[in-house]
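My questions will all concern the structure given below.
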Amino acid sequence: MSTIKVLVWNEGVHERTQSEIAEIYPDGIHGAIASGLAELLGSAVTVQTAVLSDPEHGLSADVLEQTDVLLWWGHIAHDEVSDEVVERVRQRVLGGMGLLVLHSGHFSKIFTRLLGTTCSLAWRNDGERELVWTAAGRHPIAEGVDHPIIIDKQEMYGEPFDIPTPDDVVFISSFSGGEVFRSGVTFTRGRGRIFYFSPGDQEYPVYFHPQVRRVLANGVRWAAEPALAAPNAMPTVSNPERGWFEKQPHRS
Amino acid sequence: MSTIKVLVWNEGVHERTQSEIAEIYPDGIHGAIASGLAELLGSAVTVQTAVLSDPEHGLSADVLEQTDVLLWWGHIAHDEVSDEVVERVRQRVLGGMGLLVLHSGHFSKIFTRLLGTTCSLAWRNDGERELVWTAAGRHPIAEGVDHPIIIDKQEMYGEPFDIPTPDDVVFISSFSGGEVFRSGVTFTRGRGRIFYFSPGDQEYPVYFHPQVRRVLANGVRWAAEPALAAPNAMPTVSNPERGWFEKQPHRS
Amino acid sequence: MSTIKVLVWNEGVHERTQSEIAEIYPDGIHGAIASGLAELLGSAVTVQTAVLSDPEHGLSADVLEQTDVLLWWGHIAHDEVSDEVVERVRQRVLGGMGLLVLHSGHFSKIFTRLLGTTCSLAWRNDGERELVWTAAGRHPIAEGVDHPIIIDKQEMYGEPFDIPTPDDVVFISSFSGGEVFRSGVTFTRGRGRIFYFSPGDQEYPVYFHPQVRRVLANGVRWAAEPALAAPNAMPTVSNPERGWFEKQPHRS
Amino acid sequence: MSTIKVLVWNEGVHERTQSEIAEIYPDGIHGAIASGLAELLGSAVTVQTAVLSDPEHGLSADVLEQTDVLLWWGHIAHDEVSDEVVERVRQRVLGGMGLLVLHSGHFSKIFTRLLGTTCSLAWRNDGERELVWTAAGRHPIAEGVDHPIIIDKQEMYGEPFDIPTPDDVVFISSFSGGEVFRSGVTFTRGRGRIFYFSPGDQEYPVYFHPQVRRVLANGVRWAAEPALAAPNAMPTVSNPERGWFEKQPHRS
């Protein structure tokens, strides 16, 4: 199997501007995620990172051409991501690049643009225990994952989560306060696979949690499949003449 | 709009054999459900009831022909329901009759036969508070329903719930113990609409809860639509000659 | 049941600039569609029309507030529709307004914005016979519709059609040349129902076909349900305190 | 990657009783399918075959325990398959074994039992050309497959096909007579993946068609994934005490 080329993108603002968050994530949220993927997937992946302040946000056409799976973390700077870059990423996803959208990335331009809905939800930051239950144990993303994952302190995300009907609801979370949330959901758009996973917040060390790392590693492997199977290719319009297929050589 | 002919079916064993349950449901679980539907839907429905001990379990071909929506409650006597009656009900559902399967009915012959999976789940009877959250507020079954419904004491049902991917996950519950459950899910099989709703247990007066009654009333209206739109008709095989449709009169 | 307020939108360019198309649709494509809805739905609807050249394309906030279901026909002027209007329509759909997207509207801004994919397809304008087969006879949109609908001359639209997995594939078409197309598909986005229906082209009098009119009338009734059930309301974010629901009065 | 253990099951009646069919399939339909899989998948698979007349139809518990993916071809002898064996196969599928159901197997006990619907359709045996179009090019089963596959002579299968909404409609066929059919559809039931593929009839040498063989080979690889990922395990009921998960050792 080919090596999966992974790019972890993070807006990287909290870590620069809030010392208490820099203490939790000394290498940035992207650094924590990247180290988890490298640790769990080893030689099956190469992992790069990029942040908002990089030229073109670190998401040039060249970089995207070298990316099989993109992970996206953003929160307070969604609006600062350029529309041009978002459209570039969108086209790449439709062409087969995998996309993992994390936590507050539910409100990112790329996620709402690909899904079309508001992606709004209920939230409360009160350090509650989150239990992440597997609803689709057969899904590759759930492989080897605790049922439930116990996260001692987390921001609460609650229903209603305004997303289109997912292909699969892999995980459902409950919180100490009683709320529930579809915390792990998958979508297919064009040739691309998308996985949204909500656990993970700048104020809690969630991306060091072994089980959260396991989920992200599984997600990367699952989302990489189209990119490994065929070159990136956006769906396009065609205008064939009648009977065109009778003139084609048949492949065997 | 035509009157919806509703039949509430209950195995009716607990109420006959356990006095403490007869006290909670003096008219049977079916009686409680039927009175709720009559109260909320009024002249839009006629409501009948039937129990396991009736001849043919009260589910003769004649009765089913007079039924637009069937509600099903069973628990300890699933195996006593005759296969012939189950097949009759199944065919009627495929032909367009609505079906609401309630609580422990997840293990009924009719539900597992229509869905094909084990329909297994986790459970615990410890009088926990259940919160029923709406995940699909746009669905007719969620109309006018509290978010969340608070049920003070309930049996816990938890994931994984082994069902095929539902058309819609309308409700998701959490319990005091932290578990979660897809407590309101819809399916379409043949021409029939199926709604499974888990809140409701023989040991707790859940079927008197105004919001649970609201959900069941909404469910009945939603599941009745195919039956009101066209006569019951099971999908069948056809063997048309080539070009048959060119010889048909076109309707306008 | 309340009257359904319908707005038929058409870019209305072909009819102004090509006399042969003005002959087919002397009252515009919007006029033909509107007359079909009025004829079939009678007092159940009020039908208005609007075109691209109207102020704000005839889609002001006031007009949209008075619209339960919007039909959209566009082709050569998609780019001339203002982004601001598209966003206004999108928000209204997410809030519960029904949307029927017709034929070449697959490439409209509003459709691709709501779905997130390219919505590309194969096409050929060669006056082929289209047969529209019902794949989901149980769906309200298929009620009373011929199986198949026979359209003597039509533009061919073929797979692959790059859309997210639909809620329901109601119709599948074949063409004389052998191609197939998912010609009637439904989606839910936010609180809104969306129906895409491909038969209908400026060069053929398809919108006078009694069966095509039947499908559109059924589509309007189906898509109107959320708007008739509750006021338009976009999903929004909330930030409730812990235990907030225990302090709410319970509705019954 | 582990070797995929494949079992090709065929009722094997036509080949024994009709000489013209024995001429088309001298090694049986199962033999033709098995040779195609061996040719295309090589050392990635071991391929066994079994027929109705074998003891326990060749589907003993021991054999099924050694099977990752089962292919099923049946037609005139569906009723002769024992209910006990069907239940054994069903449990194995729910536990993670892949299942490919072929052509007239749409009416097999195992397929209708797993799906719950009638699985009825329209049909006509008139040697028509079938064109198999890819509707989901991103699906692993469509990888490297002609668009369209051209099958010169085939039995026609047409809509409506009474199945639950599939996870994916991978292929849609058209026939010379104009009918259409969802000819390649996927389902998940329990931990098992199911692929139904209609091209393939005893009267035509369809299972020697290189592209049909490609589809079946892709289907086997796709359906094998759960079996390769984890031991077969039917979903089961659990009855945990409150807080049980707090007492578990956490895995990392």
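Read from first to last, the chains carry the letters A, B, C and D; within each, the first residue is number 1.
Going forward, contacts are C-beta pairs under 8 Å (C-beta built on N, C-alpha and C of every residue); 3 or more make two chains touch, one makes a residue touch a chain.
Predicted model, so just to flag it, every value in this text is computed and none were measured.
Student: With centres defined by CA atoms only, which chain is the most remote from subunit A?
Tutor: Computed centres place B farthest from subunit A.
Student: Does B-D or B-C have the larger number of C-beta pairs in contact?
Tutor: More contacting C-beta pairs are found at B-D.
Student: On C-alpha atoms alone, could you tell me the rotation angle mapping subunit A onto subunit B? Nearest 5 degrees is fine.
Tutor: Fitting subunit A to subunit B on C-alpha atoms yields 180 degrees.
Student: Could you work out how far the Cα centre of subunit A sits from that of subunit B, in whole Å?
Tutor: Their C-alpha centroids are separated by 37 Å.
Student: Would you kindly tell me how far, in whole Å, the mean C-alpha position of subunit C lies from that of subunit B?
Tutor: That gives a centre separation of 33 Å.
Student: For subunit B, give me the residues that contact two or more of the other chains.
Tutor: 131, 137, 148, 158, 160, 165, 167, 178, 188, 190, 235, 245
Student: Looking at which chains touch, is this a line, ring, star, complete or other?
Tutor: Topology of touching chains reads as complete, every chain touching all others.
Student: Over in the complex, which subunit B residues touch subunit D? Could you list them?
Tutor: 90, 94, 113-118, 120-124, 126, 128, 158, 160, 162, 164-165, 167, 176-178, 187-190, 234-243, 245
Student: Under the stated contact criterion, what part of subunit D meets subunit A in this complex?
Tutor: Answer in residue numbers: 96, 131, 137-138, 140, 143-144, 146, 148, 150, 167, 188, 190-192, 210-211, 214, 225-226, 229-230, 235, 245-246, 248, 250-252.
Student: So in the complex, the part of subunit B that touches subunit A is made up of which residues?
Tutor: The contact residues of subunit B facing subunit A are 129, 131, 133-137, 147-148, 158-161, 165, 168-169, 172-174, 178-180, 182.
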